[in-house]
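There are two complexes below, and they share chain A, which is joined by chain B in the first and by chain C in the second.
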Partner chain A sequence: MTQSFNEMYLDDTVRAPYARLEAWMRAMPADLRIQKQAEAEALFRRIGITFAVYGEGGDPDRLIPFDMFPRVFTHNEWARLERGIKQRARALNAFLVDVYGRGEIIRAGRIPANLVYQNAAYEKAVAGFVPSKGVYSHIVGIDIVRTGPTEFFVLEDNCRTPSGVSYMLESREMMMRMFPDLFRENRIEPVDRYHELLRRTLASVAPAKCDHEPTVVILTPGHFNSAYYEHSFLADLMGVELVEGQDLFVEGEFVYMRTTQGPKRVDVIYRRIDDAFIAPLCFRPDSMLGVPGLMDVYRSGGVSICSAPGAGVADDKAVYTFVPEMVRFYLGEEPILNNVPTWQCGKSDDLKYVLDQLPELVVKEVHGSGGYGMLVGPKSTKDQIEMFRAKIVKDPGNYIAQPTLALSATPTFVAEGVAPRHVDLRPYCLVGERIELVPGGLTRVALTEGSLVVNSSQGGGVKDTWVLAE
Partner chain B sequence: MLLLIDHVTLYRYASPVRGVVQSHRLTPSICEGQQVLDWEVTVTGGLKGGGFRDGAGDWVQGWSVKGPVSEIAVHVRGRVQTADTAGVLRGHREIVAPECYLGETFATELTGGLPMLAKAAEGAEDRLAAAHALCRAVSEAVAYRPGATNAHTTAAEALDQGEGVCQDHAHVLCAVARANGIPARYVSGYLLADAEGAPHEAAHAWAELFVPGLGWVGFDPANECCPDDRYVRLGSGLDAREAAPIRGSARSSGPETLDVTVAVLATQQ
Partner chain C sequence: MLSRTADNLFWIARYMERAETSARLLEVGSRISLLPSAQGYRNEWDAILRSTDTQDPFTRKYGEAVQRNIESYMFFDRDNPSSVASCITQARENGRIVRTALTSQVWDALNTAFQDLREIERTPRSKLELSRLTDWTMKQAAMVRGAIDATLLRGDGYNFLNLGYALERGDATARLMDVKYYVLLPRMGVGSGIDNDQWSMMLRALSLHRAFHWAYGGEVTAAKIAHFLILNPHCPRALITCVSAANNHLGRLAKLYGKSGAAQAQAEALQAELDRLSPELIFEEGLHEFLGRFIRQTAGIAGMVHETYLSGDMR
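Entry: the complex of A and B
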C-alpha cells in the first residue's frame, strides 16, 4: 500500500484550501479545544442525534463521535466532483428505467442478464413501469474516496434510501454555532438549502393523477429504527408528515393518511423502509410496516414512491462494476468519476487472483453493508485471512475484491492534539424533474490511527465538509 | 369451446372488520386460444381501485371495502371462447425476462426429494423433451388427493407425502424445472371438468416452462397434459402466492373463513 494523500500538507507546505484552518488550529489552546469538544458532545446529546449511520445496527443510543476539524474542498475540486456525481446519478436512473423496460443494455451484451434478472434486488413486479419523470432513485448517495490531489474513486452507490444526511446538516449547524468566526473568515458554500431541494424534488415526481399541490410524507418503520432521528428531522425541516404504515390506508384508487381532520390523500411517499416490507399484498405478506394495496395504487399512477420499488438492483456491488459502462451506454459520455478496480470472485480468473493476493486486498460481500462481513487484507491477521479464504471458496459469487486504497487523510482532533485520519465522502444527489446537489456531503472519518474503515459501527466519526466559494 | 364461468369466493369474518383491501388477478389473459365474450367481477360493497397490466401481462385490479363488514363476496362471471393451442402461450404481451423465473421461493425451495426428481430431465434431447419428462415425473411422484395438503404446503413437503392437489403439482414442477435451469412459473386459472365428469379442481393451477423457439408452454401435471381448450388462463407468478387470483388483507384481529364455489361449464354456441 502506498503512502496516503494528506489533504492538508503536501510535503512540508500547507495546501491552499487548508491555510486558514491550519492557522486556526495552531491558535487554539488545548483547553479551549477540550472545552469545545465537550460542548459539541453535549449539543449532540441534547438534540438526540444518536443513531447509527446507514442502518448499521449497534447501540441506537450511542453517540457518534463528531470531529471539529472540517474537511475542505476547493471550488474547482468540487466542480469536477459535482459533474461526476450528477453524471453517475443520471446513468443509474437510465439503467433502472431500461432494465425494467426492454433491457437494451443487456440485449447489447454490455451487462450479463443473470446479474440483473436473477438479482435478489430485481423486482419483476415493477417490470414495464416507468415512474413519474422516469426516476427510480431520487436520492443517490455515492460513496467517494480520495487517493491523491486529483484522484477520486467511487466505492459504492446507494440508490435506495441512503441515510446520514442529517449528520451533514447537523455538523454544519454545530460548527456555525461553536465557531462563527470561521464562517466569516472563510467563504463556505451553504448546505442549508438541502431540505428545500429535497421537498421540491419529491413534489416534482408527483404521479400523473395528482392535479393539486402534492402532499408529501415520510414513511418510517418507527421509532425503534436506528435512523428514526433522521426521519423525524427531515420531516420537521420539510414541514411534511412523518407516518408509519398503520397511518396510511388504501381506498379506491388512492392512498390516504389518517389525520385529526379526517383522511388526507397522499401523493408522494418518501419511504425509509425496504421494498420487501412496503406492500404486504405484493411482497412480504407478514410485513406489519407496509400498506396493503399500495402497489396497485402505485402502479396505476395514484401515488409516487421514493425511491421507487426495485431501485436496489442498481446499487448491488456486482452491478457496481458496470456503472462506467452505463455512463457510456446511456449518456454517450466518458465517466468523470472512476470505479475502484473490482474483481468478481464469481469469475474463475478473478477468483484465482483474489485468493493469490488475499493479504493485499479488501474483500466485501456482494449484498453486505456497514463494514460488516468484510476483510481488509493488510490490516488482518493470518488467521483472519485464512478464515475469510474459506468463506470465499465456499460461495465465491457472494464476494467481490478491490485493491486496498490509500484513503486520503485529513487533520482530526485526537487525544494528543491533531493528527491525520482517513476519510471518505458521501454526497446526496437529488433527482426529480431536475438534478440537484448541495455543495458538500457527509465526511466520515476513521478515528482509530491507521484504520481504513470509516463506518460508525466500526469506530468511525463524522465531520463538517466545506466547499469553498470561488 | 365456449366456457361459462361462475366463481364465488365468500369471506366471513368472526367479528366485523374495519376494512378490506384486495388485489385481483381475475381477468383472463389476452392470448391466442381464449377470447373473452363477457366478463364481470363484483365485490359486495367494494370500491374499485387502480388497475393495470403488469409486466407479466396480467391484469391486476385493486379493490377496497369500507368497514365495518362481516362478509364479503367476490363474484366472477363470464364467457370465454377457447381453442386448443397445444399448451403454447401465443400472442401474450409481456416484458418480464424469462430469467426472472429461475428464482426459488419458500414454496418451491429445492430441498428434500426435489433434486432427485429433477434428474428426470437427464438424457432429454432438448428443452421441450425435458419439460415433458419432468411433467410426467411429477404426475407419477405426486398422486392427486384432495385434502392431503393445505395452502401452505411446500413443493418438497408434497413430494415427500407423495400426494397433493394441483397447487402442489405446479409447485413441484416449477421447482424441478428451475433446478434444470428451465425458467418456470405457476399459472392460475379455470378448468372444465374432465371427460369422465370428475372435476380436477375447477379453480385450477398448472405450470408454464420456457422453451426457446416456442416461448412459454403450459404443463399440467395434475392431469398429465398440456392445457387445451378446457383451460382459461388468469395470471402467473413464481408460486401460488404470487399468482393468487385474490390477495387480500382485512383490518381485523379475528379469524376469517373462506368458502369457494366454482362452476365451469361448456355450452352450445
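Entry: the complex of A and C
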C-alpha cells in the first residue's frame, strides 16, 4: 500500500486550509485539550447523542467518539465535490425513474437486466409508478474518500435512509461552543440551514392530492433503534411529528395519525427504516412499515414516502459499478466523481483476479453495510484471508472487491497528542423540487492507528467538517 | 399532539412523582424505625411494603424486611417497577421517546437524573447513606418539575404532564397516609403520644412539618392532620389540592379541544365530594376505607384519561 495523503501536511509544509488550525493545535496545552475533550463528552451525553450497536450488548448509551480536530476543505475543493455530488444524485434518481418505468438504460444495453430486475432491492410493487416530482431518493448520502490533492472517489451511495446528519450538525454546534475563536479566525460556511432545506425538500414532494400546506412526519422504527436520537433530533428541528407505525392508519384514500384530538391527515412520510426492517417489504408490500393499506394509498397518490419504496436498487453495491454509466446515459455528462475500480466476484474473470490478489484487496458483501462482513486484505491475517476466500468461493455473486485505497489522513487528537488518522466523508444531498447541498458533511475517522474502517459501528469517530468561504 | 406522545408525557410525570414517593416512603420508614418501639415490633417496614402492594414480591426475593433490604428494593431494584431506579429510568426513557415535545431544559433534567443514577449505582453501598439517596431523589424530581414549569409551552403537553403529576401525587399522599394507618391500627388507641410522634414523622417526610404548624398551630391531632393532608387546599400534597389540579388541567384540555368527556365529569364529582367532607365524616367512614376508595377513584380518572386521549382510539 502506498503512503496515504495527509490533508494537513504536504512534503513537510502545512497546506493552506490547515494553516490556522496547525497554529491552534501547537498553542493548545495538553491539559486544556484533555479538559475540552471531557467537556465535549459530557455535553454529548447530556444532550443524549448516543449510538447503540445491534447485538453488541454492553452500554446501550455508548457515545460516538468525537474528535475535536476539524477536517477542512477549501472553497474550490468543495465546489468540485458539490458539482459531482449533485450530478450523481440526479443520475441515481433518473435511473430509478427509468428502471421502474420503460427501462431505457437496460434496453440500451448499458446495464444488465438481471442486475436490476432480479435484484432483491427491486420493488416490483411500484413498477410503473412515478413518485411526486419524479424523485425516489430524497436524501442521498454519498460516501467519498480522498487519496490525493485532487483525487476523490465515491465508495458507495446511500439512497434509502442515510444516517449521521445529526452528527454533522451537532459536531458543528459543539465546536462553535467550545472554540468560538476558531470560527472568528477561519471563515467557515455554515451548515445550519440543513433542517430548513430538508423540510422544504420533503414538503416539495407532497402528493398531487394534497391541496393544503403539507403535513410532514418522520417515521421511526422506535426508540430502540440505534439512530433514534437522529430521528427525534430532525423532527424537533423541523417541527414535525415523529411517528411510529402504530401511530398511523389508513382510512379511505389517505393516511392519518392518531392524535389527542382525533385523526390528522399525513401527506409526506420521511421514513427512517433500517435495512433489516425494509427486507420484508419486497415480499409483502402491504404490510410494509406495519401500516396496513399504506402502499395502496401511496400508489394512488394519497401520500408521499421518502425515500420512495424501491429506491434501494440504486445503491446496491453491484449496481454501483454502473453509476458513471448512468451519469453519461441520463445526463450526457462525464462523471465528475469517479468510482473506485470494482471487481464483481460473480464474473469469472474478476473472481480469478480477486482470489489471486486477495491479500491486497478490500472485499465486501454486495448487500452488507455498516462495515460488517468485509475483508481488508492488507490488514488481515493469513487465516482471516483464507476463511474469507472460502466464503467467496462458496457464493461469489455475493461479493465485490476493490483495491485497498490509501484513504487520506487528517490530524486527530489521540492519547499521545496529535496523529494522522484515516477519514472518509458523507455529504447529504437533498433532492426535491430543487437539489440542495449544505457545505459540509459527516467526516468519519478511524481512531485506531492505521485502520481504514471508519464505521461508527466498528469504533469509528466523527469530526466537524469545514468548508472555507471564498 | 400524537396520542402516544401525550401518553409518554403523562407517564414521565407519573414516574417522576412515583420516584419521589418511593424516596419519601423510605424516609418515613427510616424515621419511624428510629422511634423507640416499646412493643419490640419492626412492622414499620412491612407497612411500607404493604402501602405499595409489593409485600409478596419483596418477601420472595429478600425474605426479611430489614432496612438494608428495603433500601435495595425500593431504591435500586430494577425488578421493582416502583423503585427509584426503575422510575427514573422509565421517566427518562419516556422522555427520550418524546424529545420533540420537551424543552432541552426538561430533557436535560431527566437525563442528568439518569446519568447521576448510574453513577450512584456504581458507588459502593457502604458510601451511600439513606438520607443522601432520598435527598438526591427529591432534588431530581424538583429539577424536572422546575424545568417543566419554567420552560414548557402551556399547550396540551403541559396539561398531560400536570395531569400525570396530580393523579400520581394524590395517589401517593393517600398511600403514605395509609402507611400510618397500618402502623397505628393493631396496637394503640388514637391520640397516644407515640401516635402523634409518628404523625409528625410523616409530616417531616412530606416536607410539610413546618407548613402544618404555620397553618394550624397548637397540638398535633389526628383530625388536624387529616384535614391538612386531605381537605386543606393550601397544602400542596393534600388530596383535595391534587384533585383540583387534575380538574384544572382536564378543564384546560376540554377547552383546548372543544369537548368535555367522562374524565372531566368524574374528576368534578370527586372534587365536589371532597368539598363537602370534614375530618369527622372521614373518620366515621374509617380512614383506611376512605383512602382505599380515593385510590380507586383516582385510578378510575386515570383510566378515563387514557381512554379519551392517550389510546388514540378516539375517532
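Criterion: the second predicted complex is superposed on the first by the 445 of 470 C-alpha atoms of A that agree within 3 Å, B and C clash if a C-alpha of one lies under 4 Å from a C-alpha of the other, contacts with A are read in each partner's own complex, and residues count from 1 in each chain.
Operating definition for what follows: contacts are C-beta pairs under 8 Å (C-beta built on N, C-alpha and C of every residue); 3 or more make two chains touch, one makes a residue touch a chain.
These numbers come from a predicted model, not from an experiment.
Student: With both complexes overlaid on chain A, does A:S232 touch chain B (first), chain C (second), both or neither?
Tutor: Once the two structures are laid over each other on A, A:S232 reaches chain C alone.
Student: Who does A:E244 touch here: chain B (first), chain C (second), both, or neither?
Tutor: In the superposed model, A:E244 contacts chain C only, not chain B.
Student: Taking the superposition on A as described, I'd like to know which of chain B and chain C A:Y122 touches: first, second, both or neither.
Tutor: Only chain B is touched by A:Y122; chain C is not.
Student: Taking the superposition on A as described, I'd like to know which of chain B and chain C A:R102 touches: first, second, both or neither.
Tutor: Touch status of A:R102: first partner only.
Student: Chain B or chain C: which reaches more residues on chain A?
Tutor: For chain A, the partner with the higher number of touched residues is B.
Student: Once chain A of both complexes is superposed, is A:T260 in touch with chain B (first), chain C (second), both, or neither?
Tutor: A:T260 contacts chain C only, not chain B.
Student: Looking at the overlay, what does A:R46 touch: chain B (first), chain C (second), both, or neither?
Tutor: Only chain C; A:R46 stays clear of chain B.
Student: If we overlay the two complexes on their shared chain A, which of chain B and chain C does A:N114 touch? Say first, second, both or neither.
Tutor: First partner only, chain B.
Student: Based on the superposed arrangement, let me know which partner A:G417 touches: chain B (first), chain C (second), both, or neither?
Tutor: Touch status of A:G417: no partner.
Student: Which residues of chain C touch chain A in the complex?
Tutor: Touch list, chain C to chain A: 1-6, 93, 96-100, 104, 107-108, 111-112, 115, 156, 160, 253, 257, 309-310, 312-315.
Student: Which residues, counting only chain A, touch chain C once they are in their complex?
Tutor: 45-48, 223, 228, 232-233, 235-236, 241-244, 246-247, 257-263
Student: Using the touch definition from the top, list the residues of chain B that touch chain A in their complex.
Tutor: Interface residues on chain B, with respect to chain A: 19, 21-23, 47-56, 60-62, 64, 66, 95-97, 99-100, 102-103, 241, 247-249, 251.
Student: Show me the residue ranges of chain A that touch chain B in the complex, using the header's touch definition.
Tutor: Going by the criterion above, the answer is residues 100-103, 106, 113-114, 117-118, 122, 124-129, 249-253, 280-282, 285, 292-293, 295-297, 299-302.
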